[in-house]
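Look for subunit A in each of the two complexes below; its partner is subunit B in the first and subunit C in the second.
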Partner chain A sequence: MHIAEGYLPPVHAVAWSAAAAPFIVHGVRVLTREVRRNPEAPLLLGASGAFTFVLSALKIPSVTGSCSHPTGTGLGAILFRPPVMAVLGTITLLFQALLLAHGGLTTLGANAFSMAILGPWAGYGAYRLGLRAGAPLMVAVFCGAFVADLSTYCVTTVQLALAFPDPSSGFTGALAKFGGIFAVTQIPLAISEGLLTVLVLRLLIQSSPGDLARLGVPFRGRDKAVAR
Partner chain B sequence: MLPIDTAAHSSRWRRRNPLEKAVLAFGLTSLALTLPPWPGGPLTAAVALAALLGPARVPPRRLWRAYRVPLGFCLTGAVPLLFTLGGPGGIVGPAEGGWARATDLLLRSSSASLGLLLFAFTTPMSDVLPRLTRAGIPAPVVDVALATYRMSFLLLDSLARIRQAQAARLGDASRAAAWRSLAGLGAAAFVRAFDRAARLQSGLADRGYEGRLHVLVPETPVSVRFLIATVACLATTAILTIVSEGFLT
Partner chain C sequence: MSRGTRINALLLAAVLLLAVLPLALGLGDDEEEPFTGSDAQAEVAIAENDPDYDAWFSPLYEPPSGEIESALFAAQAALGAGVLAYYFGLRRGRRQGEAHASSAAGGERP
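Coming up: the complex of A and B.
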């Protein structure tokens, strides 16, 4: 769910951009270091960015009978790590704004905070926690993708509730209003994205084990996770 | 290519310097955000539409197809403002001043979206990205964005063909088959993206690639006349809004 151009009041748009800036700057530093160390990194990262962009354009069947788009943040964070995802996600959001009219430039900071920063960090945290708790890789991957998707929408809900508090019940009422509307579609969608991510990763383990190993995805045999 | 980028490549303003178009488009977006929604929203939207359909010659049908996406979000996003929770009317009731707030939001976001579309429909990404280094964006980030941009279209094209092949083999016949096809599509995107990056790397290495993607950017001088006209247009819109707001209230 991208917040459209002009939807947030100017003060909120600036505040969310300021909140996203340190994470993006950190991601840029990590990315620059990687490019200096490895000259072929821009092409691999470009491929990762294109993969993220294309993944967000896939239509997944929703439980309600309609179709929706995955955020792709969970899979991206597992494969490329959250700091790099902050940059790749922001580039993807910029492309979506200018090529698909999804989102906007004044709301880029708010969208980046939810989709490129908090979603990937929360998803990656859930994935690592799962691995550390000894869960099979695919269970950890499902948790990562599910949490990444759901936390993205939770942040968007908070952003909208802060911008448009309810006249009677204030922020809490607005949170319940926007959250209630999102919950109908987003909880099934988060489950769908978790399942899709598991299926994609299972296929990748079969078809591209070399690339996955290079990206540091821990797998051994079929689905067995190995803690790094 | 995607419809907006295709339109941008064939736009009448394609050869204009991106800075000129950015000043006009983002100036209009800023006005839509900062001026009173009524009558500021309709006025800025009218100026953006006049520029899009007039001198920029954007096909109306293509513009509508792109515009209905943010418009849909604005409409659905405005609905919750009409209701309130826990007020005197019960658990859910009509919000006092809800219609006014929802209308203001609709006017503001729909006109700001037109400003963004004015830039998107007249400026291809391939013209913007190489110039970002001059705006202070680190070169490695611009290189990654350029590689992402170029590979995205190839990937989208590949996936459209795979989707067609899957559909022809009854890949959507049942819910289970649809999920299998979708997972195959996601995995194919990953494999193709990394395969293409590896082949691009080896091709570039043969040409002396050292980690920077140098792109030729056609030198297009900034038109001072266009910039003066843009500033005059933005100022007139702002003054008209303020004067007419006072008159209307």
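Coming up: the complex of A and C.
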């Protein structure tokens, strides 16, 4: 769940927006270059954006007795690299802020920084690290999606703890408090997102091996056979 | 059922289980209001840490009721699912078309 409208002090809201802006501008450039270079790209880009749309609309109950939703940004980060997700994730956030009163315009910068920027980068990093360590593709994909999801809400936790430190225990106390609300709730959801991302990637290997090969996803013949 | 389909079904079942278990085990029973959103809980925590803080901006548009809000969330999910289904349908159709074309071309050869 994102930080609600008006729930970051103006200074924090401006600072996070300023931090997010260059990533989004860079993402738009990368996205237009990708589309221009390859006329087939918009299809799979649309599908990656759609995955984020679906997952971030599903509020799922968690072990903490509260609800949150996954982010769906790991898939696009793995396929198209993180800069593209800065754009797709921000579009999703904007949609929710304008139509659903979920998240907000004043908190858009902070929410984009967590869900559209840091989450995808952390997830992509985990995916590459997994591959380099010799993990099977699907294990690396699971790790990527899991980390993208969970790290998003760790950033949300830090953002709120910075803005609203605990009156007695300060930043650390607030970190524990908001972490209990966001990060712990998110763990089972991040597992779900990891599993769903693996599922979609299996279907992609089956239906569009050409797209995946072009994007440099290292699937082998065996993965393809298993997916069939 | 092929091995691949079985694995896919298992993945989906695991996701469903993860979502249903907290409900089935009654993990929300200790809460005043079970299974509220984490964003609403954060608002409560903010009020505890900084009782004087007031949200200084309110959403431009707010769904008038919980029903409308859930309808809009459902619409968002449906839109995304539709685009995903279009992508997979198109890819599958193209591959089948290519397979037909190549088998037809192969059949015509003497």
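As a working rule, the second predicted complex is superposed on the first by the 187 of 228 C-alpha atoms of A that agree within 3 Å, B and C clash if a C-alpha of one lies under 4 Å from a C-alpha of the other, contacts with A are read in each partner's own complex, and residues count from 1 in each chain.
Assume a contact is a pair of C-beta atoms (placed from the backbone, for glycine too) under 8 Å apart; a residue touches a chain by one contact, two chains touch by 3 or more.
Keep in mind that what you see is a predicted model, and the values were worked out from it rather than measured.
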* So, A:Pro165: does it touch subunit B (first), subunit C (second), both, or neither? -> second
* Touching A:Leu203, do we find subunit B (first), subunit C (second), both, or neither? -> both
* Would you check which partner chain A:Thr32 touches, where first means subunit B only, second means subunit C only, and both and neither mean what they say? => first
* Would you sort A:Phe51 into first (subunit B), second (subunit C), both or neither based on which partner it touches? => both
* Asked: Between subunit B (first) and subunit C (second), which does A:Leu43 come into contact with in this model arrangement: first, second, both, or neither?
  -> both
* For A:Ala97, decide between first (touching subunit B), second (touching subunit C), both and neither. => both
* To do: Considering only the touch criterion stated at the top, classify A:Thr185 as touching first (subunit B), second (subunit C), both, or neither.
  => second
* Can you list the residues of subunit A that touch subunit B in one structure and subunit C in the other? -> 2-7, 9-10, 43-44, 46-47, 49-51, 53-55, 57-58, 60-61, 95, 97-102, 104-106, 160, 164, 166-167, 174, 177-178, 181, 195-196, 199-200, 202-203, 207-208
* Any idea which subunit A residues touch subunit B in the complex? -> 2-7, 9-10, 13, 28, 31-32, 35-36, 39-51, 53-55, 57-58, 60-61, 75, 87-88, 91-92, 94-95, 97-102, 104-106, 160, 164, 166-169, 173-174, 176-178, 181, 195-196, 199-200, 202-204, 207-208, 211
* Asked: Quick one: in the complex, what on subunit C touches subunit A?
  -> 2-4, 7-8, 11-12, 14-15, 18-19, 21-23, 27-31, 34-43, 45-46, 49-50, 53, 55-63, 69, 72-74, 76-77, 79-84, 87-88, 90-92, 95
* **Complex interface listing, subunit B residues touching subunit A** => 2, 4-5, 26, 29, 32-34, 66-67, 69-70, 73-74, 77, 80-81, 83-88, 95-98, 101, 105, 108-113, 115-117, 119-120, 125, 128, 138, 140-141, 143-152, 154-156, 159, 175, 178-180, 182-187, 189-191, 193-194, 196-197, 200-201, 204, 209-211, 213
* To do: Write out the stretch or stretches of subunit A touching subunit C in their complex.
  => 1-7, 9-10, 43-44, 46-47, 49-68, 95-102, 104-106, 160, 164-167, 174, 177-178, 181-182, 185, 188-189, 191-192, 195-196, 198-200, 202-203, 206-208, 226-228
